[in-house]
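The following pair of complexes shares a single chain, chain A, combined with chain B in the former and chain C in the latter.
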Partner chain A sequence: MKEILDRITPKYDLQDVSIKDDLQAYVVVEKKLAIDMVTYMRDYEGFSHFVLMSCVDWIEDNKLQLLYLLNNPEKKCVIGIKVFIDRENPSMQSAHHLWKQIWTYQRELREAFGIDFPGSPRIEENFVLEGWTDKPHMLRDFDTNKYAEETYFPRTGRSTNDPATYMRQKLYPNQPVTAKKNKDDE
Partner chain B sequence: MNIKDVFTPFTTWSKVVKDPVTIKNPIGREAAPRYRGFHKNDIDVCIGCGTCEAICENQAIDLVPVEGIETKSGDSGLRPRIDYGRCCWCALCVDICTTNSLNLTNEYTWVDTDPDAFIFTPGVDKKSWDTKEEGWKKPVPNYHFYGQTRVPMEELHAEERVESFVEFVKGYSKKQAEEEADRCVACGICTATCPAHMGIPDYIAAIRNEDMEEGMRILYDTNPLPEICGRICTHKCEDVCSVGVNGDPLSIRWLKRYIADQIPADVDKYNEILYTKDIKNNNKKVAIIGTGPSSLSSAYYLSLLGYKITMYEKLPQAGGMMRYGIPEYRLPYDAIDKDIDYIVSLGVDIKYNVTVGKDITLEQLHEENDAVFAGTGLHLGRSTRIPGSDHENVYQSVDLLRDIVTGAEVPVERKVVVIGGGNVAMDITRSMARLQKAKYGEVNIITTSLESEDIMPADREEVVEAREEGCTIIPGYGPQEVMIENGKVVGLRVWKCLSIFDENHNFNPKFDESDERVFEGDMVIESIGQGMDLSYLSEDTKKGLEFGPRGRVQTNDNFQTSLPWLFMGGDIIQGPDVIHGIANGHRAAMAIDDFLNQGR
Partner chain C sequence: MSELDINDKVKEMLEKSAENAGSKNSEKTFVHPEDEEREVIAPDGSIIKVNPIYDYFSGKKPTEEKPSNGVVEKFLNWARSESIWVLGFGTGCGSIEIPPLMTPRFDAFRFGIQMRPTPRQSNAFIISGYLSVKTLKRVIRSYEQMPSPKYVLALGSCTINGGMYYDSYSTINRLDKYLPVDVYIAGCMPRPEALLAGFMKLKELIKEGKGEKANEYARNFDEYKANQKKIIKDWNMPDYNW
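This part shows the complex of A and B:
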């Protein structure tokens, strides 16, 4: 794995290389070089098996991080190629021409994170969520609870108790309440 | 078409005689040992802390009361109920469970025509899988969602601390406090156990949020002595901390101290943070006898309501037992002053060196004020009354502790014997150790108590720290005689104590006379409890009061005596510790306000 990394690090100006063990490494590559690198790894470094593609929402940095995970069956090693893209109107060069199953991954990522992959077949079609009109549900600022409350009706017969409040009611209901001062009192 | 295409269909028929690889009837098939199926809960171990509910992303868990499970200190009495219409079997509820009572079994098949059957309370609603051992359990050890070990508190080493009365607990740094606060699961089980019912999870959250001013406001909601309590509170809250069930409990006391320590000793700053710059006077007056925790607490909360407070203190400084009973190495005077200075800044007038009953009568206070609160504490030492205990070299711990503070001359002999097993006994033991060290360069103290080691009333840490400082603690012996030779105290003769209370729970110690020891000592200090001095109650006043066992004045739950204008609290009514006093004072203050505004 180290030999491979030594070859590709200068070639793709890799910014962050993390070697987990002899058979597993992760690299961060610039967006404009990412698909070129994936292609190179497939055609010249023996990473012929596409394992998966995923995304992480780094909301604090206003970035989405795509991951292409590739496997070299001969050397039994795995490389994860990470690429950061803008979180606003996210778009990424399609890799559907490299492995056919990437069509499906890219459809899923478009639905879940709102990432466009121009030219990817059937990219406009719903993946799982038919008729979804809300913001992509895997973005961290999607409020699942709020969506559920607005969309579905609550199940009857459910109620809960906060332990501290319940204990107060049961054990010390007459606890004095301070004449609480607040800023407006001044 | 080639020949292969002709014969291929027939090769399939060869499988007919082979055993199938599929299972004929998959219903009832055992799942993998760590499969995540239906929940089970050991409801005797569960304390209803609700962390399972809090972590559930699907809101599948409710906390519900269960018949037969009592709500008590350390147990909310609630138990988790699961809605399988929402559960996704992620097992986060199991992984966060503070008691490890909640598990998932590997049972995954269950058919019922009633959809409501799929909401049930594991462990309460009996299920066939309740006895199954297989399933998902928290993979302990080394798999925790919160820290199991408390951030250690830096302290002076025993050899260094016995050299002086300097405070030896250093307090948390910002990093340490935030790391410790991060361990809190915010269940709030502790709040019920705290006598003042402080908003503990809320002020710990303020530390996480780096908002010390909000932390102070939360502290002062229920406790106007946070610098003091942050150091010497008996911290019963920590005994019931849910994180402590399978790890170290949160250092709640030290976190409270951390918040108070971050605010500078500047009463203007306090008034700004706590929004108390300009309190409107309500033209009513309350006199308070004593300046201990209950008195200061009632003074603070009454001041917030606009009452004009005058406090009467017979000693030269305020604080009561907090100043004159607790040694400086545990509670430095500047911490006491910081809390009291802020209360005084609200307009509270403290009249020092005034003894009610002597310099001014209780009746005068009643005439000049709308109500009176008395929190006069337990300042009288109790004697063992064993032979020789009337010798001049037999002392009371409360007297010596007070003398150390006032700067009066304190007799320090080369060999000292202390009688008592409570915190005050440890305070005098460790104080005398410091004085001996300064005078003789060595510590030579034996402290003995009726109680055996396992039931000594002193905080465990006090006993451990006293031993670290060179004191000898020998529990389980009852004093029989202060031995005197040629007019001088030479030691204490003791018998092994077999039991303290009789079958009727009355104090009636039994001794093994054959196990007799003599602890050598040139002076003996008795520290077996304190009594109250109610001499400020005139005979007429006493006639209007009700007295209970041991001459204790009876009050209602709001600390109002049978003389409606007179309220009493603190150690003379309930305790003895600072936090009970604070809680008493708070409740009494609210009750005084009710009484004066509603004529009750």
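This part shows the complex of A and C:
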């Protein structure tokens, strides 16, 4: 793993390299070099197994982070390639030509996070939800509780018993509540 | 039927298709390729235009059926209560509780309950557990294809108030806003014994003549349909799927 990183770090000007152990490392790469790097890792470094593609919403930094996880079956090592993209109108170069399963991942990311992958096959089709018209549901500023209350018919008088609150009241009835209140208690 | 009549009928159908096509284009719809309007060759060689969504189903609203008089209705209700044929459609996590019901240990057959593979042969529908909007669409379609009188058993707390998925964007909270429900079986998940108790309750209701929810659906059809269309945004089926 170390020697692979030594080779690719100057090549792709990697700033943030975190080595978890001998067989696992994560690197952050610039957006315009990302697909180039994924292709290089596949064709020259033996990372021929595409494990998964995922997304993280860094709402505080106004960024979305894409993760391409690749596996080298011979050396048994894993590399995660992270890319930061803008949160407003997110768009990323499509990697559908490298592995076919990326088609599906990109369809999923488009539905869940609203990321556009121009040129990816069947990208316009529904992935899980049908006829979804609201904002992408996996973004952190999408309030699922509010949406459910407005869209469906919440039953009035619904109450929940949080086990922590219940046991606190039962065991220490005289002690003032110092811990953060549960949302359902209000 | 004379040739003239057939021509009239074809013409009428074409007009209807054209009408529907007009209304279809006015708003964004999500029509599957197999449901698109197309031309087919009829057995007599003529070419007719079909619009599967509107032509293959009766778009007519359901109508109420009045119960028979006195003893006859009582006898019918007894017969109905003794042969509950369940649509085997696992809609949520609770569907795993249904197979044990048919094993020797619980043996629902002794109460005249059996599973059927198609809505056309069944009169009871078990909505088991959480119901996503995507599944609700299929459930409505199946429910409307069942012959009347039909009964709905809602299994589990998700169908009563949303259960642990009350804040989910993709699952509904209360089933009775979308379909009329006869019996609620509470629990998460209810055991097969609870399910059997629910069936016993349903039998009582039918024998008392209270299993008239299919008529209630017909009576409040517009209200139910409005609620259903509010959440199913890609409505690509007829209003009534009989």
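The definition used in the following text is that the second predicted complex is superposed on the first by the 156 of 186 C-alpha atoms of A that agree within 3 Å, B and C clash if a C-alpha of one lies under 4 Å from a C-alpha of the other, contacts with A are read in each partner's own complex, and residues count from 1 in each chain.
Note that a residue touches a chain if its C-beta (ideal position, glycine included) is under 8 Å from a C-beta of that chain, and two chains touch if they have at least 3 such contacts.
Just so we're clear, the structure is a prediction, and the values are computed from it rather than from any experiment.
Student: Have a look and say if chain B or chain C is in touch with more residues of chain A.
Tutor: Per-residue touch count on chain A favours B.
Student: After lining up the shared chain so the two structures overlap, which partner does A:137 touch, if you call chain B first and chain C second: first, second, both or neither?
Tutor: second
Student: After the superposition on A, what does A:161 contact: first (chain B), second (chain C), both or neither?
Tutor: first
Student: For A:129 in the superposed arrangement: first (chain B), second (chain C), both or neither?
Tutor: In the superposition, A:129 contacts chain C only.
Student: Touching A:172 in the superposition: chain B (first), chain C (second), both, neither?
Tutor: first
Student: Give one of first, second, both or neither to describe whether A:151 is in contact with chain B, with chain C, with both, or with none.
Tutor: After superposition on chain A, A:151 lies in contact with chain C alone.
Student: What residues on chain A does chain C touch that chain B touches too?
Tutor: Residues common to the chain A contacts of chain C and of chain B are 144-145, 155, 158, listed in rising order.
Student: Could you list, by residue number, the parts of chain A that touch chain C in their complex?
Tutor: So the residues of chain A touching chain C come out as 128-134, 137, 142, 144-145, 147-149, 151-155, 158.
Student: In their complex, what parts of chain C are in touch with chain A?
Tutor: Its residues touching chain A are 30, 133-134, 137, 160-162, 166-170, 172-174, 177, 227, 230-234.
Student: Sort out for me which residues of chain B touch chain A in the complex.
Tutor: 48-50, 53, 57, 59, 61-65, 71-73, 76-78, 83, 85, 116, 119, 187-189, 191-192, 197, 201, 220-222, 274-278, 301, 304-305, 557, 586-587, 589-591
Student: Of all residues in chain A, which touch chain B in the complex?
Tutor: Counting only chain A, the residues touching chain B are 144-145, 155, 157-168, 170-172, 174-183, 185-186.
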